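Two complexes come next, and they have one chain in common, subunit A, joined by subunit B in the first and subunit C in the second.
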Partner chain A sequence: MTPILKIRFSFFSASVLAFVVVAISLPSHAWACASCGSGSDDPLVLWPNEELKTYVGVSTSSRFETVDPQGKYGQESGPKSRDAFTFAVGKALRNDFFFTLTLPVQQNRLEGSSLRSLGDPMIAARWSWWMPDFSEPLRPQIQMMTSYKLAHSKSLQETTRPDLLDAFGTGIPELKLGIDTFWGMGTVKGGVALAGLFPEERKLGRTTVFPGNGLRATSTVGFSLGGDNKIIGGLVREMRENRRNDGQRVEKSEVLSHSIFVTLDWSPAQHNMLRLSLTDKGRVLENRNMIAASSLSFAWLATWE
Partner chain B sequence: MVGDLGMTLQSIRNSKMTKTLSITLLAAGSTWLFPLYGVASHDAEKPAANCPPLDKKKLKEIVEASEGKKVDLVFFSSWCSDCGNHLKKLEGPGKVLVGTFDKQPRIEKLVGKLKLPNRCFTDSGVAKKLKVTTVPAERSVTQETLSLLQN
Partner chain C sequence: MNLNLALIVSSIALFSGAGCSGKAKGDSSEASRASTSEVKGQFFNAKIVGWSVGPEVSGDSLQDIRNACEIEITTPSGEVPSSLSVQKVFPFMKVHGHGAPDEQIVTEVVGNRIKVSKISFIMSGPWELHVQATVNGQSGEVEIPVVVP
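Let's look at the complex of A and B:
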């Protein structure tokens, strides 16, 4: 680990510690955790009493490493760091149904150079099929979720630059359908979210590429820090079938990825939430055909009347 | 031909994707048992309270019929974990419960289960007029307050 990264992680640790101390000292109102089962999958989830909500977040990712089909870690690829500014807005149409629009702007940095571009915009919707109930703590919150990611950004496969500085997104449109289950009424919280990933095929140069359908399973465990303040940690397992180029199955191209994350939510004032998240992708369990990375994000969520 | 089909089936059976899909589908399926558990164990036996819709007209009637022409409203939702503690701390039947950001059957079932002596209503636009944006929340409503409410 380089000295810069050591400093970065000292900053991470200090941020987390400061966040926990402040969060514990501030009482607030306590609600069940809206869709915490999906962890950091969707940036914005609305409560039944919220009509309009915004998310403004900044994040930085670094420590990129490629993982080959055998699970061996290679040299760092791509930019040294990838920063992102994400804006999301959510609008409720009913108490139990809302949709969100997410717009990321990314900046890739590599030894003095940097490039900025709009990332992949995403439109998502959730329907609360089963709400929690404080008189029945075992009753979970169950939400049906769907999202569609537009492939605005350039693909990793499209780029001609070896350092991949101009790669900003997956480059492949993708539909997600899933179910999010969460038990959030108690001090100890937990949940499971499952989502099917259905990308579209896309012409990249002379080849039609289909990344393969996938499955993402997220399990979370959380702890209430008093009021609406909480800490949530989780594991994300993502699998994809073999990629297909021009309809031909590419051997040993199936993706297996594991990520862990920790999220701290602190509500300093009514209708306002500050969120700090740490994610480490591809560093735990078995991983194949993916890019490992570490990221830190900080966000402000606000509800508008 | 038959050999190819056999190999394909064998590869599907052996693939980790298939195993994970099976496990996750099983897990997903099991989550659907919880609602069934809820229906079987709770919905049937508890007598629901009667919590009719509360609009501005009904609120005016309640205020005019009350002693001192003043009513204390307690807004709550079944999905708000703090609301349970708030409702348990209510002293006496004086305050009027208003379930909001929620559905009437769920409000009625919950109030029936808690066996609270208070009168109960389901919000029908009153919360918004009284600028209730979070729960639990309390509002005292007088005739003067009513006259200030937006139409």
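Let's look at the complex of A and C:
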């Protein structure tokens, strides 16, 4: 690196650091969490003092591409877009504990035809180990999170249609256990969430499949836009160990997936939040044995007295 | 404070570094159309000797499922079997743990070869074509690797 580049880099680094130091010391009232808005974890999170909250969202996913064990991209048949209407409700049992129930209705679309089905319902809970505190803006919020996804909808293993319009889920129930750490009290926000993914083994079609245990890491950074409004972006990395088919370990079946997302939260009125999210899965960094897709979602979150 | 700063800066770095993509397109060369090496099973051996169509990702209607190949069957000692019947031929993708619709698959035995048509491959990648057959009175199954570009 030439001296002039070194100087420029140092100036840039110092500017970023100075901005971060100033920004995190400014108070902000926008709550968040590291996995919120990432599209890969729970869609609904309750903040302290919220007792009942609902989420109504619509989303569409498209630009599907398969990624093989060597990371090569290819094509797939079947739906060209998948839309979802998602309803979630959350209830706080204590100030530091709540649970949510999520029900998606999904629609697969393919030129001229579509099919709709209830997706995989999910029940989730979070317990705040460390609560956020306005008097201590540098103290992170730390939540323990868990969820269980039921396998209600038909999977690729069970599809009978050549156009695959009747495949809506993985066919595998899955337990998630994790921790979510977030610094959300400053103008600049950020956090990390880590979750273990523990699917069940299940017979689907001719084969008993086990997709392999996994780990999902979400890293986010965001900025308050004043009040409860904020913009948050992040990176999700998901890894899964080798799958097992009929008890046999399958070589080169490890999953590696990276997604980036950006979420804009806008509060037009007290107790109401509108959320716009863009997610691009499988098109950054290295990916293996997954389906790349782009998603757009829009949601209304409401807190009820 | 230090931890807080480090976390935020690393998040920025992680996010900004996410623009690099090692994206590579699938191999669509003629190599994937070539005959496979022989797969040895307990009761018979099998080998794809040629594809009349494909292998390729299938379309979305029955008319667009066009993959067709010819499989040569021999006894474990490499001889032409005196009898051959087919129970089922179906594709499966081990690395993803799923197959593809296979009710439409048509098989025809000609000598010691099985002509298979209307095979559906629903995505690019490594597949296995499972052959369940009875050879000289003994039933077994072999899986032949197929790479779909």
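Please note the rule applied: the second predicted complex is superposed on the first by the 259 of 305 C-alpha atoms of A that agree within 3 Å, B and C clash if a C-alpha of one lies under 4 Å from a C-alpha of the other, contacts with A are read in each partner's own complex, and residues count from 1 in each chain.
One rule holds in what follows: a contact is a pair of C-beta atoms (placed from the backbone, for glycine too) under 8 Å apart; a residue touches a chain by one contact, two chains touch by 3 or more.
This structure is a prediction, so every number in the text was calculated from the model and none was measured.
In the superposition on chain A, A:His258 makes contact with subunit C only, not with subunit B. Legend: residue contacts after superposition of the two complexes on their common chain; A:Gln75 is shown touching subunit C, with no touch to subunit B.
Of the two partners subunit B and subunit C, more residues of subunit A are touched by C. Applying the stated contact rule after C-alpha superposition, one finds that A:Leu138 touches each of subunit B and subunit C. In the superposition on chain A, contact of A:Asn49 is made with subunit B only, not with subunit C. Legend: residue contacts after superposition of the two complexes on their common chain; A:Val188 is shown touching subunit C, with no touch to subunit B. Once the two complexes are overlaid on the shared chain, A:Val221 sits against subunit C while remaining clear of subunit B.
Looking at the shared chain after the overlay, A:Leu177 reaches neither subunit B nor subunit C.
Of the two partner chains, neither subunit B nor subunit C is touched by A:Leu103.
In the superposition on chain A, subunit A positions 138, 140, 192 are in contact with subunit B in one complex as well as with subunit C in the other.
Taken together, the subunit C residues at the contact with subunit A in this complex read 1, 4-5, 7-12, 14-15, 18-27, 57-62, 64-65, 92, 94-99, 101, 103-104, 120, 122-126, 148-149. The touching residues of subunit A, counted against subunit C in their complex, run 16-17, 20-21, 24, 66, 68-78, 110-111, 138, 140, 155-157, 159-164, 183, 188, 190-192, 204-207, 209, 211, 219-221, 233-235, 243, 245, 250, 252-253, 258, 260, 283-286, 289. Touching subunit B in their complex are the following residues of subunit A: 29-32, 47-49, 95, 130-136, 138-142, 179, 181, 184-186, 192, 194, 215, 217, 237, 239, 241, 254, 256, 270-271, 303, 305. Interface residues of subunit B, counted against subunit A in their complex, comprise 16-17, 20-21, 24, 27-28, 31, 34-35, 37-38, 42, 77-84, 100-103, 106, 110, 113-114, 131, 133-136.
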